[in-house]
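There are structures below to look over.
Okay, so chain A shows up in both of these, paired with chain B first and chain C after.
Up next is the complex of A and B:
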């Protein structure tokens, strides 16, 4: 069963949330999802860009107040 | 086709410039782009185990970054190395002038001592950014 891991990167500035996402992607299986919680506007733009470039999958991105929930699926 | 390698010539001791170089290096490395960094002049100090005094020299933006939770530049280089393909060389000339030995440097980040000629020759294969 694919799992979802949540990373709390609130308060961290660019490229902190991206780096935390990448470090955690190494630890999960293909098909698993990672949800990044971030308060950094730049990361809300940069993470989808990175995901597209290295060919993982953006599952979704939602803003809840000051917090972005960015969900990524590991594809390789 | 993979992206051309990014070559970073880092010679400023200014926190803001080292931060930008660290961001560019780490983000490129984790984006499947090989990175080679050449550290010289005043930029050598922050890479020393015991830099003596403040690790970074900086202006207003440096103060802001230190006050807030901005990732540390040296740690960003380290993360880039762990998560991507990055080599970091210390300039042999700057080390000789400063009297710094390889064991004085953060060897978890610095791969070795290098010369400018080799770095420039390597850099012909990619893009060069200077900080």
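Up next is the complex of A and C:
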């Protein structure tokens, strides 16, 4: 059963939301989803760009106030 | 009954907390109302940031170590007996020797470890300086280096987030001092779309790299290394050939955390303000061990330790928590062999590094000695 892990990277300057996503993708199974919460608007561009490069799946991006909810599925 | 405080881990985090608690709970220790016990896995305490200087022969190995018993306050009970299973439901910890330790309050400070074995070819094909053996080998490799392609490769997650930049700048200076600049090309790779997680540091580093002729490639997450052909390949389908590969291997948390089902990858789910393990009120987590999305660094452990010392003291003496952690991190940044700068930030204040200076470099060198006062809880 695929699971969803949430990373609360709000206010995280270092290592930052994308680094947290990369690190956490190594810990989950193929098909699992990771939701990243970020207050860094750059993440809303960086994460999709990287996800496309490495051929994972962007499930969705939503902005709720100043918080971005970015959901990625591990594909390989 | 004495309140039992049990600390797992004899690194910087566990040591500062143990020593700090003895200073705050002197009266309770004298009256046997509290006990403080550290379970570690080594009789020696290593100053890990000193490893950065080892490949260049700029620190002596003996200066990296102190006897852990001598670093701990004499009122702390210390066992070299690695924890093998932590059971927070029965408030007990089993150790390698077969003992069981019970606690009223537990501190998890089990740290992180290098996992080059998780990347095919990394153990065989790369050098690193994040542990003693690796730093020794890298020193030998540099001694025999006579020019060629150096790749500095960074993997996530890793501790001490500025060390990859520092080693790159120091390599540049080292190569120049040996008169090998014309025969050497340095390329730095980083997992995300800029040269460092901290945006201001990334911008500054890019400018410095360009001036120094250091090449760089971003969005580079290591997929495999061909040790025979000397090629490193990324998940992003980029290949780089090298003569000397210096890597920052991906890290995991401690095996005992995984074996005790306390967190994937050995990272413990931790409340970012209280530093309590999620769902508990008697298990604190400090330093690299937490899953908080914040730098894994000695200064992080230090500032977190201060919060935990205050809260444990308050819980023992008043039955209440005292304060919260604001996410503070401070890092020196060596910008070569002669200059340095620093950066600090917290959950709400972004970093803003100043211009490099010789003064900050000297202070960093001084801190290489002052560290032992930090570990003893005096600084």
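Going forward, the second predicted complex is superposed on the first by the 73 of 76 C-alpha atoms of A that agree within 3 Å, B and C clash if a C-alpha of one lies under 4 Å from a C-alpha of the other, contacts with A are read in each partner's own complex, and residues count from 1 in each chain.
We adopt the following convention: a contact is a pair of C-beta atoms (placed from the backbone, for glycine too) under 8 Å apart; a residue touches a chain by one contact, two chains touch by 3 or more.
This is a predicted model, so every value here is computed, not measured.
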* Between chain B and chain C, more extensive residue contact with chain A -> C
* For A:67, select first, second, both or neither according to whether it touches chain B, chain C, the two together, or no partner. => neither
* Asked: Now for A:30: first (chain B), second (chain C), both, or neither, which partner does it touch?
  -> neither
* Asked: Touching A:15 in the superposition: chain B (first), chain C (second), both, neither?
  -> both
* **First (chain B), second (chain C), both or neither touched by A:75** => neither
* First (chain B), second (chain C), both or neither touched by A:53 -> both
* **Common interface residues of chain A - those touching chain B in one complex and chain C in the other** => 11-16, 18-19, 22-23, 26, 46, 50, 53-54
* **In the complex, chain A residues that touch chain B** => 11-16, 18-19, 22-23, 26, 46, 50, 53-54
* Structure fact -> Residue positions on chain A within touch of chain C in the complex are 5, 7-9, 11-20, 22-23, 26-28, 42, 46, 49-50, 53-54
* Structure fact -> Within their complex, chain C touches chain A through residues 118, 156-157, 161, 191-193, 197-199, 219, 221, 235-236, 250, 264-265, 272, 293-295, 327, 329, 345, 347-348, 350-351
* Quick one: which bits of chain B touch chain A in the complex? Just the residue numbers, please. => 23, 26-27, 30-32, 68-71, 76, 79, 82-83
